Each structure stands twice: as C-alpha cells, then as structure tokens.
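Next up: the structures, one after another.
One chain, subunit A, links the two complexes that follow: it is found with subunit B in the first and with subunit C in the second.
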Partner chain A sequence: MFTLVNGLTTGMAVFLVAAGLTLVFGIMRILNFAHGAFFMIGAYVASSLVGSAPRSVLALIAAAVVAALVVGVLGIVVQRFILRRIQHVDEHYMLIATFAVMLVCVGFVKLVWGLEFLSVDPPPGIDAGVEIAGLFIPSFSLFIIASGIVVFLVLDFVIHRAWAGKMITAIARDGWMAELLGINVPAGIMAAVGGSFALAGLAGGLLLPNQTLSPALGDSFLLLAFITVVIGGLGNVRGAFIAAILLGVIDGLNTMFLPAYPGVVVYFAMVAFLLLWPNGILGESRL
Partner chain B sequence: MNRLSTYLLVALAAILLLLPLWANSGLVFLTGTTIIVAVFALSWNLLFGYAGLASFGSGGLFSIGAYTMAVMLRQGYEGQFLLLIVLATLAGGVVAFAIGFVALRRSTGIFLAILTLALAELLRITLAKIHWLGAEDGIPSIVRPTFSIGFATVDLSRGNSYYWFVCIACALLVGLTWWIAHGRFGRTLRTIRLDVERAAFMGVDTHRYRLVAFTISGAIAACAGALFAPWAQIVTPDIGNMMRSTQPILFTLLGGASSFWGPLIGAFLFSAIEFSTRTLVGIQEIITGGILLAVVLMFPTGVAGAWNALIAGLSARPEPAKAAPALQPVKE
Partner chain C sequence: MRLNRRHFLTTTAAGIGALAMPGILRAAQGDTVRIGLITTLSGPGQLYGNYIKDGSEIAVERLNAAGGVNGSKIELVVRDDKNSPEGAVTAFRELTGDGIKLFAQGTFTANLLGTLPLLEEADVTMMMVGASALALTHEAYNPRAFRLGFSSPMCFGGYGNLMAQKHPEIEKWAMLRSDVTALADITNAFSNGLKAEKVKAGRTVEILDPVLVPYGGADFRNQISNIIGSGAPGLFNVLQGADAISYYKQARTFGLDQKFKVLCDSANEFAIAKAMGANTPASLWSWTGWYPAANKDNAVSDEVHKAYIKLRGDEYPNWYIGVSHDSILTIANAVQKAGSMEAAKLIPTIETEAPQGALGKIHFRKEDHGFAGDLTYIRFGRDDKNANGWSVFETAQLPGAEFLERATPGSKLN
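So, the complex of A and B:
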C-alpha cells in the first residue's frame, strides 16, 4: 500500500513532465530534448518567487502558474525561431536542434542562478503527513498525486471535448485542410506549443518542494519522461498517463523488493515494453 | 577528396604527432582524449551516415570497452595489452550484435534511439552498483602498460609514449573504418539508407547488413573505450552517461554526417570551442548550443559539407561549364 502511494507519486511527478513532451510531439512531430531544461527553468523561476520556504500552498501554486506563464512565453519564442524551421527536416536533426536548445537553457540557468544547489521546503499545510487507514502518508505526495490527476483531467477534457482541442487535433492531423477551413494554423500551433511548454513550467513549479535544484535537474526527469512518452505512445496523453502510473508502481515495487538496486527495474520494464509494443501501449497518436 | 583538403589533413596529422614536443601536458591530455572520441564518433557515423540508424546509447559500448580494459589491467594482464584491446573490441562487438539482433528487426528511428538510450542508462546504473567494479567510484589508477612484441619491449608508462600509441592505434582504426565505408559493404549500406525497400527489392538482405554495421560500429566504439581507459587512468560509470552517448552525435552533425571525415572535424572543432570557453561558466553551454543551432539551421551538411561546397564553388568559377559535375561529389 505504501509502495503504491510512493509509486503513484513518482508516476504523477513524471506524468507532469511528460504531458507537455507528448503534446509537443503530437502537434509538431518533434521529440523535444529541451523539455527537461524548460522544466528546470520553471522550477528555478518558481523558487525565486517563493524563496526557500513558501508561505502557503496557494503561494506555491501561484508561483507554479507564474513559472508556467514564463516558460510558455519562452516556448513560443523557441517555437517561432527554431522549432518551426526544423519541423520538416530529418528527425535526427530535430533531436540535435532541441539538444542545442537544451544546452543554451542549461547555460542560461548557470548564468542566472549559479551552480549552487538550492532546495525548497514544502509549504505549511502539506509539509506533514496524514494517516489513512493506519498508514502514514506524506501529504506532499497526495498533493503531487492530486496535481497529476487534475492536470490529466483538464488536458483530456480540453483535447477530446473542448473546441480548442478539436481545432488543434484538426491542425495536427492535416494542417493544409485545417487552413482551408479557415482555421488560423500558425496561431493554433503557437498556442498549443506555448501551452505544452507552460505545462513544463507548471510541473517545475509544482514539483519544486523536496527537490534539489541544480543545473542537472532537467536530465534526471527528462529520461523518465522520454520513457513514459514512448511507452504510452508518442503524442498520446492518455497513454502517457497510464505509462506514468505503470512506471511509478514498478519503481515503487523495485524499491520495496530490491532496495539495493534503485531505479534499475524501470529500465528493464522499459526495454521489455519497447520490444513488445514498439508503438506504445495505446498506439501512436497525432494528438 | 580534393588536393587542398588532403594537404590540410596531412598538416593536421603532423601537428597532432608533434604536439607533445611543445604543448603542456594539459593540452596533450585534451588532444589525446579528442583523438579517441573522434574515432568513437567515427564509429557512430558508420552507423548513422552509412546505415541510417541512430543509436543514442553508444556511450554504453564505449564504457564496456573501457571497463573490460580496466578490469583486465587490474588483474595484471598488461603484458598482453594488444590482445586486451582485441578482447575489449570483441566484447563490444558481441554486445552490439546481441542488442542489434533483438532490436533492429523491430525498431528504427526514434524507437531505436530511445531503446539504446535506455540500455546505456541501464548499464550505467548497474555498473554504479557492482562493488567488484568499484561501484560509483569506478576503477582508479589504471596502469599504462608495458608489453613486448617479440623483438622489442614497448613501455607506454613513460612520458608521452602512450599519446603516440593512441595516435597510431586511432590512425589504424580510421584507416579500417575508411576501408569498410568505401568498399562494397559501405556502398551497400548507403543504398539501404537511401531507400530500404528498393535495396531489399534488389536482393540486399537489409536486416543482415544493418546488423553487421551495428556490430562493427559497436566493436569500434568499444575499442575506443579500451584505448581511453589507460589514457584517463580511471574509469567510472559516468564514462558511459548520456553526455557520452550524445558526443558522437554532436560531433558528427557539426562536422557533417554525409562526409566520412565529418565526425573527426566536428570532434576537433568542438574540443577547440570547449577549450577556449572553459573558464566561462554558463557561457560555454550557450556558445556550444548556439553554434550547434546555427549549424543545424544553416548548414545541414555540417562543416565538411560547407567546406566541400566552398571548394567546389571556388574551383568551378574559372570554368563555369564544369560547375555541375564539380558540385555533385559532396559525399567524400
């Protein structure tokens, strides 16, 4: 049970990062290496706002929202000047271009915030734990799980039910046709990519407490987010959600049964998933 | 390759060989490392530029070679140093074959990239947990070996002798790769990269060719790793981390994937940039990233492609009639 909660926490944390990644892929067919770096920028921006001890849960959420806005604007800039130009080149060059963006972001973070490690405590209200059915559960875990679920529900609603989502889906499926139908395609793509980057910033802000902030923060989440996105099916938000939960639980079981080898089983699981379902468990999706 | 490029290449080789005579030891170490990773990048491009497969886990094979060498030297087999290099190369080849055998039939493109990335990361995490291999701290104080080759004894532990040994070994590896890439095998690989279906239709066993390319590339990567272990004199799990795996990709694309010499050019340019910006924390990444972006956006054929186009343009100018054939061979 405790394993399950821990696993879910990890899973939701990864999902928060992976959501934006899979969306950018769904819209632009670009696997964005720089996503982890934007997540990191979000975390740094939020930490500058709340300091090392945020005053309340609301302050943390507000900081995360501001971080999301900042990173979203950055994302629009990156999309306009870089991503748009590499959309139709060989996919390996896309990876390199986004890798270059990542390097620039890391350099930027080192310049602005320096090399020291920063840490932020959970705000009062979610810094203790609660007892549910005789189990002690850190309430910050519950906060992350709740954030992950809320973000997923909102995304799923927007993509599959709302008008904006249908428009973006139309653009992703056939931009030329969407243009003919009078949809402003460049504006739509820009909004969607901005939104995806904003998700990275939001994730950075929400996951801020209990993190050690360092310029290497992006890498540690990036790989797990990559794995999640690929296992879930590229561009598929529902798939990413399920994959994130699966990976989280696998990781939790790993810590319980093989405490000497943390984080090893996830990679085995991933290799197995990739070989069994090369297109992801829910299949690739153009959003 | 045209005459000017050949002269440049010879001049560069001469500078590299004579470097320890005037440079300080820090620069020599950096250059030696660059030579080794340049060969490593070359092995990667054999796979990417010729077979059209992008592996993001080549760092894992590099570290297999390095660890094999480090363990064997620790066990005291330094007398058979040349054999150890062969052994490490074989180890890399066998592992690459096993991975390629399972993975290549099912996945290419992004999936192969992520799969190899995950495998390399798995290897790194596992290495960091094995106490026999020094766990996180790796294997320190690796000796530079002394061995005999029948009529003479070679002592690589003194002065810069290991640097020259690395130069010779890497030159041989470059030659070998050149021979592989320009022979019938390399041409067939290129056919496959350009059009898999058509190659298969012409009777090429595309899977087998790709698997062989994957194996050769892995073996050369491991060989580079084996040369690296006594050079750095320490191996740690981080020797095969994600940055190591992306190194050859950066070098290749910076230098130009369509050119055989591209990865080598890229490796030296990259090292030069890093060396000249080493004191600027933060700016270094911005400059490196900025240059990469500029290359990808403006010269997708890399520095080698731009250079060849320039040469072709210069030599074509006096005789405009010959312009068309002169522009075409951007390949070599």
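So, the complex of A and C:
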C-alpha cells in the first residue's frame, strides 16, 4: 500500500512536468528537449520568491504561479524566435535547436543563481506526515498528488470543454482551416505554447521542496517525463496522466521486488507498452 | 606571383619559426615558474573545478607573496578540460606545446586517464588533484604522476574503522548508494573498515546489502522506506551532490533522525548543511579532505582558510580548496628544493620531501605515489542556537597511511 502511495506521488510529480511537454508536442509537433531546463528556471524563480523556508502553503503556491507566468513569457519568446522557425523542418534540427536552448538556459541559471546547491523546505502544514489507516504518509506527498490531479482536471477541462481549448485544438489539427474560419492562428499558438511552458514553471515551483536546486535539476525529471509522454500517446494529456500513474507505480514495485536494479523496470515497461500500443495508450493526439 | 620551391620552403620555415617563437621564448623564460592547471570549468563538475581553481590561485598568491620559487614568480596557466578526456588531452597538448613542464590536473579520473599516457612523451611532472580512483595508482600508474587525493580504501576504510570505535554498540548497519558501479568501492571499503575494527574488538557486525538509488533520480521515497524498514540503527549514505540533499530532504518527513542512531554521509560534508540550513539532519558524520578547524595548529591551513574567506566570503570552504592549494605548494616546493623543473629531478624530490600544507604534511608513498596524509571526519547537524541553523559538533583525525591499500603500481588491485 505504501509503495502504491509512493508510486502515485512519483507519478504525479512526473505528470506535472510531462503535462507541458505533451502540450507543446500536441500543438507544434516539437519534442522540446529544453522543457526540463524551463522546469528548472521555474524552480529557481520560485525559490527566489519564497527563500529557503516558505511561510505557508499559499506562499509556495503563489510563488509557483509567478514562476509559471515568468516561464510562460520566456516560452512565448522562445516560440517567437526559435520554435516557430523550426516547426516544419526535419526532427533532427528541432532536437538540436531545443538542445541548444537547454544549454542557454543552464548557462543562464549558472550566471544568475550560481553553481552551489540550494534547498527549499516544505512550508508549515506539509512538512510532516499524516497517518491514514495505519499508514504513515508524508504530507508533502499528498500535496504533490493533489497538485497533479488539480492540474490534470483544469487542463482536461480547458482542452475539452472550454472555448479556448477548442480553438487551440482546431489550430493544432488544421491551422489553415482554422485561419479560414477567422481564428487568429499565430496568437492562438503563442498563447498555447506560452501556457505549455508556464506548466513547466508551475511544476518547478510546486515541486520546489521535493528537489535540490542545481543547474542539473532539469535532467532529473526529463527522461521520465519523455517516457510518460511516449507511453501516454504523444500530445495526449489524458494519456500522459494515466501513463504517469502507471510509471510511478511500476517504479515503486521495481524498488520493492528488484531493489538491486532501481529504475530498470520502467524501461522494460516502456518497451512492452510500445509493443502493445505503438501510438501510446490513448493514441497520438493533436490535442 | 609564381610560387617556386625556394619561396615555398623559405616561407614555410619562416612561418613555423614565427609560430614556434612564443613557446620557445616562454619556455626559456627564467623569471617565472609556469604551472599548468587542467580542471573542469564548464559542464557537469564545474563546481569542483571552480574550487580547484580557487585553491590553486590562493596557493600561487601565497607563494609569490613569500618570494616565489628561488626568486622566480609562479604563474598559473589554467585550462578547462570541459569534463572530457578529449578536452583534457587538448588542453595538455596546448600547454606542453607552450613549454610547460609542471602540471596539476583534477579531479575526474576519466580525464586524468586521458592525459597520463602522455606524460612521458612530454617529459612533465603532474599532481593529480583530489582524484580518488584506485586505477590511478594501480593499473594506470605513471611514475611521473602523484595523487594528492584519497583512495576509497583509505578514507572510507578509515571511516568504517572510526565508526566501529565511536559506536561499538551498533551491530547492524544499512547502506544506501547510487547505482554507479564505481561507488561500490566506497561501500566495500566502509564495510571492510567496520568489520576489521569489530573483529579486533572481538565483536560481530551485520552489514546489509546496499539499497540502490538511480543516479540523478528525482524521487527516493521508495528507497527511504526500504532503509527505514531495515531496522538497522546505523546508516551509511553514498549519494552524491544534489541526490544526497534531495534524499535528506525527502527522508526528513519520514523521521530519519529518529529512526537511526548514527547517520553517516560519505563525502558531501558541508554542501548538505549549507543547502539545508536549519533542516539539516540532527547529527551527521562525513568524511572531508580538509577542514581548517580540525587543523588547529597548522598555520598554512589557517592562512588558506583566511584567504578563501577573503576571496569568496565563505567560512566553510570545500575540501578541494585545501587539496588544490597543497598540490601547487608541493610542486613549488619540489622545484625549489631540486632547483630544476626537470621530471628526473623533481620526482625523487617529491617522493622524499614532506612540505607543510593546509592538510598537514604532504607525503606520498614511494611505491605508487599515493597520498599518505591524515584523514579528517566531521560531525555536524542542526543547531537552533547558530544563526545559520547548523554547527560542527565534533572532528576526528586518523593517520591515512594506516589505511592505504596495498601498493601494486602497474597492475590492478585484487
């Protein structure tokens, strides 16, 4: 049971990072290698706002929202000057370009925040543990799980129910037709990409007390986030949510039953999922 | 203009002469002793390279202020190895091409393994700064290189020994480490040190298999619950850098302090306390290569400490500062005593001299050029009375030579 709770925590943490990644792919068909770096910038921005000891959960959430806005603006700049230009070129160029953006981000973090490790404590209220049905669960794990579910529900509502989401879906599926219907396609794409990057910043802020801040922070979740996006179905937010939970639980069971090979089963799981569902659990999606 | 054979040869000779001139001139300069420093100043590992550069520059500043080497000033020529063997070799070839005969390089073993085979051809002497891998003084041993670093059997064998002495009541130890094969040396050395001392004291000890954690991972909760469920009162943690701090952060909510009587960290020393502040574990042991407060009667250590505070404003320097300082000091001392920069004269001088450095007496085992200085361990932890939220409670030192592994220069240690 404890392994399942831990797995769910890991899964939701990965989903928070993967959500923006899958959205960018859904909108622009770009696998953004720099996504982890923007997650890292979000974490550093939030840490600058709350310091090493946030006063309350609300202060942490507020800092995460500001980090999301800052990273969202950075995302619009990146979209305007880089992603837009590489949208229709060969995938290799996309990977190289986004990799270069990642290097620039890492360099920027080193210049602004330095190389030393930084740490932010969980705020009062989520800094201890609770006992549920005889099971000790860290409060911060519950915070991560709740954050992941809330972000998923909001995203799902926006994409599938709200007018803005439908407009973005139309642009992602057929930009030319959307333009004929009077939709401002460039503005729509810019807003959607900005939103996707903002999700990376939000994840950085919300997961702040979970990780150590260093210029290598972006790498910590990136690989798992990519696996989540691939298993869930490229560009499919619902798929990413389900895949993140599955991966988290699989990773937890891996530690329990094969402790000598940590993290290995996730890769076997990815192979198995792709053999069974080559387009991901819920299929590839243009949102 | 038509280029004939004579023109071509004259122009080429002039060009080669012009290109070679700066190197020839510099190599012949009698007023400076030039030391090449190759370290990691970009990419992963840059943090440690920066410490090495700082420590080396402090050494040069101190030595020059004291009159230099036989009246000559020391000049440090720093190059970035970009944390790759290719980068290290490129930097090495550039500096040797420029006439440099004295080198300090560190700290990553892979990069050192790139340059070690080139030392003979370039006729140079090298200090390997802070490097710990056994290969450097065993299968990849090069008589022109000296390791001013601590091998795993030495510092972690000593660590296990110290813990067995300090906590004889603990009969069961758990271990946690990253799934990096090289780190297995550390857990093995700690276990061996612990067992050897327990056997000597006529006691037994149970050491559990290490719980493995993915290197660079994001979430350690599953492993934390495994470790806590082990029932062992002693824990030795071999995670590094950001992984270690994330682990302590996540473990805190599981009540790590209450679950273990003794917590030992391999070598993250003050990086943990500096990052975690008032949330640092209540009591944590760590090995360190240099801690000024543990060397109270050492004037060199005090001076280096003061110089670092002046340079960076940080009262708790990383141990690489002391080690890199002493690497430069050892080279300078050897040049002074030998009156030469030739490897043939420097090597026996370094083998026999023991200059006073920040770490103490700097001496090397003659057979394999492994550092045989003192070992330092610190215990620090949360302290509400201190403004930064933590304090150092205790230090311990052991004679490193007693824990050095068997010398097998040129072949692998079995």
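Structure notes:
As a working rule, the second predicted complex is superposed on the first by the 287 of 287 C-alpha atoms of A that agree within 3 Å, B and C clash if a C-alpha of one lies under 4 Å from a C-alpha of the other, contacts with A are read in each partner's own complex, and residues count from 1 in each chain.
The rule is simple: contacts are C-beta pairs under 8 Å (C-beta built on N, C-alpha and C of every residue); 3 or more make two chains touch, one makes a residue touch a chain.
Model, not experiment: these values are computed from the prediction.
Superposition note: with subunit A as the common reference, subunit B and subunit C are in steric clash. By the touch criterion defined above, A:Leu31 lies against subunit B but remains apart from subunit C after alignment on the C-alpha atoms of chain A. Applying the stated contact rule after C-alpha superposition, one finds that A:Leu274 touches subunit B and leaves subunit C untouched.
Legend: residue contacts after superposition of the two complexes on their common chain; A:Ile242 is shown touching neither subunit B nor subunit C. Shared-chain residue A:Tyr93: touches subunit B; no touch with subunit C.
Shared-chain residue A:Phe108: touches subunit B; no touch with subunit C. In the superposed pair of complexes, A:Ser119 makes contact with subunit C only, with no contact to subunit B. By the touch criterion defined above, A:Gly252 reaches subunit C but does not reach subunit B.
In the superposed model, A:Phe226 lies in contact with subunit B only, and not with subunit C.
Within the superposed arrangement, the part of subunit B that overlaps subunit C, taken from 6-14, 24-32 or 204-212, is 24-32. Within subunit A, the residues touching subunit B in one complex and subunit C in the other are 110, 115, 219, 260-261, 263. Across the complex, subunit C is touched by residues 2-3, 6-7, 9-10, 13-14, 52-53, 110, 115-119, 121-122, 127-129, 136, 138-141, 209-214, 216-217, 219-221, 224, 251-252, 255-256, 259-263 of subunit A. Touching subunit A in their complex are the following residues of subunit B: 48, 54, 102-103, 106-107, 109-111, 113-115, 117-119, 121-122, 125-126, 129, 242, 246, 249-250, 253, 281-290, 292-293, 296-297, 300. Residue ranges on subunit A touching subunit B, taken from their complex, read 31, 82, 85-86, 89, 91-93, 95-97, 99-111, 115, 219, 223, 226-227, 230, 234, 260-261, 263-264, 267-268, 270-271, 274-275, 278. Across the interface of their complex, subunit A is touched by residues 44, 46-47, 50, 179, 209, 211-214, 216-219, 221-223, 225-226, 241-243, 245-246, 249-250, 253-255, 271, 274-279 of subunit C.
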